[in-house]
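Accompanying notes for the structure given below.
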Amino acid sequence: MFIKNAWYVACTPDEIANGPLGRTICGEKIAFYRDDEGKVAAVEDFCPHRGAPLSLGYVENGKLVCGYHGLAMNRDGKTASMPGQRVRAFPCVKPFAVIERYGFVWVWPGKAAEAREDLLPQCEWAESPDWAYGGGLYHINCDYRLMIDNLMDLTHETYVHSTSIGQKEIDEAAPETTVSGDEVITARYMENIQAPPFWQAAMKFNDLDPTAAVDRWQICRFSPPSHVMIDVGVALAGNGGFEAAPQFKASSRVIDFITPETETSHWYFWGMARNFKPSDVELTNTIREGQGKIFGEDLEMLERQQQNLSLWPERELLKLNIDAGGVQSRKIIDRLLAEEGNA
Amino acid sequence: MFIKNAWYVACTPDEIANGPLGRTICGEKIAFYRDDEGKVAAVEDFCPHRGAPLSLGYVENGKLVCGYHGLAMNRDGKTASMPGQRVRAFPCVKPFAVIERYGFVWVWPGKAAEAREDLLPQCEWAESPDWAYGGGLYHINCDYRLMIDNLMDLTHETYVHSTSIGQKEIDEAAPETTVSGDEVITARYMENIQAPPFWQAAMKFNDLDPTAAVDRWQICRFSPPSHVMIDVGVALAGNGGFEAAPQFKASSRVIDFITPETETSHWYFWGMARNFKPSDVELTNTIREGQGKIFGEDLEMLERQQQNLSLWPERELLKLNIDAGGVQSRKIIDRLLAEEGNA
Amino acid sequence: MFIKNAWYVACTPDEIANGPLGRTICGEKIAFYRDDEGKVAAVEDFCPHRGAPLSLGYVENGKLVCGYHGLAMNRDGKTASMPGQRVRAFPCVKPFAVIERYGFVWVWPGKAAEAREDLLPQCEWAESPDWAYGGGLYHINCDYRLMIDNLMDLTHETYVHSTSIGQKEIDEAAPETTVSGDEVITARYMENIQAPPFWQAAMKFNDLDPTAAVDRWQICRFSPPSHVMIDVGVALAGNGGFEAAPQFKASSRVIDFITPETETSHWYFWGMARNFKPSDVELTNTIREGQGKIFGEDLEMLERQQQNLSLWPERELLKLNIDAGGVQSRKIIDRLLAEEGNA
């Protein structure tokens, strides 16, 4: 069961630059492409003629043409034409509402007619010239909610990412979770500590002494259906932490768009947005490479956790204070599922 | 469900040259081998002693010897001998009727006692010195009937094989399908057109001007259980097309023996027979290589079509005029299945 | 169904030298590790916090620490601690009794409290300085009982190992099977024969003329749950065979510890113990390499036998005189299963 009436990241523009892309999202098998006006489009990945996947075809005159026998499909799921055929009575396939924004293609897996553009999240970091963004994509064989749990409880940094962003002080600072409407916020503050290697490197980039004592913060924000934005950073100790003036800190925002594929797999669009040195492309690449390596450390753990949960589906997991972020996020997901009639 | 009382191509002689071959055909797991008289033989691939596959054994004194404990199997499925044992009461395994002809080993998956040699197809191209043949084998993960559909509607050449044998004029020439007894014929004729690359090359081989206008034909003939023979070629325009005298044309016969493995996989024995320059072995190899490449282009489409049909088993596919060849062929298959009691 | 109240080989010490090992044994998913006192320990491979596999963690202060969020697990399956948490009410995971002996880690898949150290097999070859041992591990996708059958009927050597230890005379010497309590013994004696290649090489090592006539023996001993020890060797003909004085013979003991993983897969710990030249390490390695190659020849046969048995579960296999060793061993297994309430 997935929330269908919501926007998920489907792909990045480069993935449809050379032709259609077939991808399953929330259990829906979809062909994504760019039409002749440059607008992205998406229809069920099934040719009504003989069932071939439309994503194996090509785009011509703005239509998605089936690569088997040449049926040309409109963006509304109705057949536009087919050589030598009258197509008016051809059955339709499901169209999907898509929007290209913030450097992503977004899809609404529910009914296209009910898609509400105003529900797209606000991402000022993707539009303002003061910000830069770099990111990547992982396919992970686990329930997407395990990734939400992972990101809403950064305690795991101490263990999974011990050589980069983990440090013992994370364990020692209890996080606080608050819920505000459909948003869940889990925040953790560590004061007067040494920065771990990743942040020491970031301090150097910002001309700060990497050995200086710092205040560190992690502020994780979940919003439905499955977005997690995390403000992370360090400031020289005693300057206000998260609120410190820019010259005292190194900080950024971790961007996580988590797109379910099946009940036990998902697409993970990860990235980092920063509002310093936004035009330094080399820095963007360096950060992306570092983040990709760190975030890749979670994959085996998550996939093997899924295997255990599939093997022992009846076991109740613990819900500790550190798990409150994930627990509250799942409550919101469950409520929205119920509202869609998928309790 | 498969037609069991019919001959299918099981393998080529080279596949049993160095020992037995295990292959599943129409859901039957079979060990094929050549006995001491040089005659091909086939029995269920199951040793009655401990269930080991007989195809892992070897042939000795004309018996198929199990490679685990030395049980020697007769071609009739009765155990011939076993070291230190009386074998008279050993249970039998199923024997299969096999015939070697036309450069293939044929198997009758039904009861061996009911096999009728007279039902073997007539293949003059395989026996006459005026013809040469070259071919190959693909294993494809789709229902064998999707391959019949594919071959009985060559419209797909325009899309799947656009750089070799496809051309837009195929779409524009409506095919005609006729049924005669158990044979289905779908024919398409294109007049006064340019030959596509594959046929231009063939025209050069036959000392014809490859840029000259031609009449082109495709005459597909289905016969049960799953053979498709296709006359293809081009003749200089206005000389009678398919009926033109040899000096005006380049032509050949595509040979397709389609052997079901499971409900969603099959063995595809493809090849090309020609009645010009039959002793030119290098030409045979060149054609085989070109055909293998072209026919390989269908594999991904067919396998992904199968995945879609398995995902949406309830969806009805369209049956357009171009699909008539496949539709009629399936009707004959369904009738023969019903006659065998597998409606 | 597996005998749970028995000792199985779980792993060798090198497999837990660099951290925990996750391994499924008799259907139980288990994390093995060495604690701070150097004692081996084993608990269910499931962290009670969020279900992560504990085997992905590490050992610290003698505890197995979960690599996800730092829960520290005691060897009794109770949580020892977790940063920032009271753990008293945490649910327990299953602990397993383990013993390290004879160069192996042994596990009792049944209730740890009921484990009886006195049931561990006696292995003088592993403790006496007069003996040397070398061995290896194979993972095989077949029911572990097919491996017991294999080892309790060495007739297969003639076929599966024809170039090393097989010879036609094995077929001709009927084996004798006796049952004594829970032990099954299948013995075969061949007199006044030529030694096969493997034993000719062994004769050379022992300064015997490899072309001399020999008496050969194979004495296979099954004991529950799934251990098979085999005395094998040759002696110069007429000197008493198995009972001959050391200067007349080349002999050794094949060690087979067979550990079920699932119903259709197992871990096969194979090796060879010898009581000549016990300190010749190079000889140990040469024998291990040769044995590993020979025993690897069984894998394809066993896995494809399993595939056949899974395909035709209703078929009864034959139980010939040569199969008596396996048949009797299975009877003992069945009786012990029944005694455990798993008839």
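Each chain carries a letter (A, B and C) given by its place in the written order, and its residues are counted from 1.
Throughout what follows, contacts are C-beta pairs under 8 Å (C-beta built on N, C-alpha and C of every residue); 3 or more make two chains touch, one makes a residue touch a chain.
As the structure is a computational prediction, the values presented were derived from the model and not from experiment.
S.K.: Identify the chains in contact with chain B as well as chain C, in label order.
M.R.: Chains in contact with chain B as well as chain C: A.
S.K.: So chain A and chain C: same face meeting same face, with over half the numbers shared, or different?
M.R.: Different: fewer than half of the residue numbers at the chain A-chain C interface appear in both copies.
S.K.: If I superpose the C-alpha trace of chain A onto chain B, what rotation angle comes out, expressed in steps of 5 degrees from 0 to 180?
M.R.: Result for this pair is 120 degrees.
S.K.: Indicate the whole-number Å distance between the mean C-alpha point of chain A and the mean C-alpha point of chain C.
M.R.: 48
S.K.: Two-or-more-chain contact residues of chain B, please, as numbers and ranges.
M.R.: none
S.K.: What does chain C use to touch chain B in their complex?
M.R.: Residue positions touching the partner: 149, 153, 155-156, 158-160, 171-172, 174, 300-301, 304-305, 307-309, 311-312, 315-318, 320-323.
S.K.: Could you pull out which chain B residues touch chain C in their complex?
M.R.: 29, 45-46, 48-53, 56-57, 65-70, 82-85, 90-91
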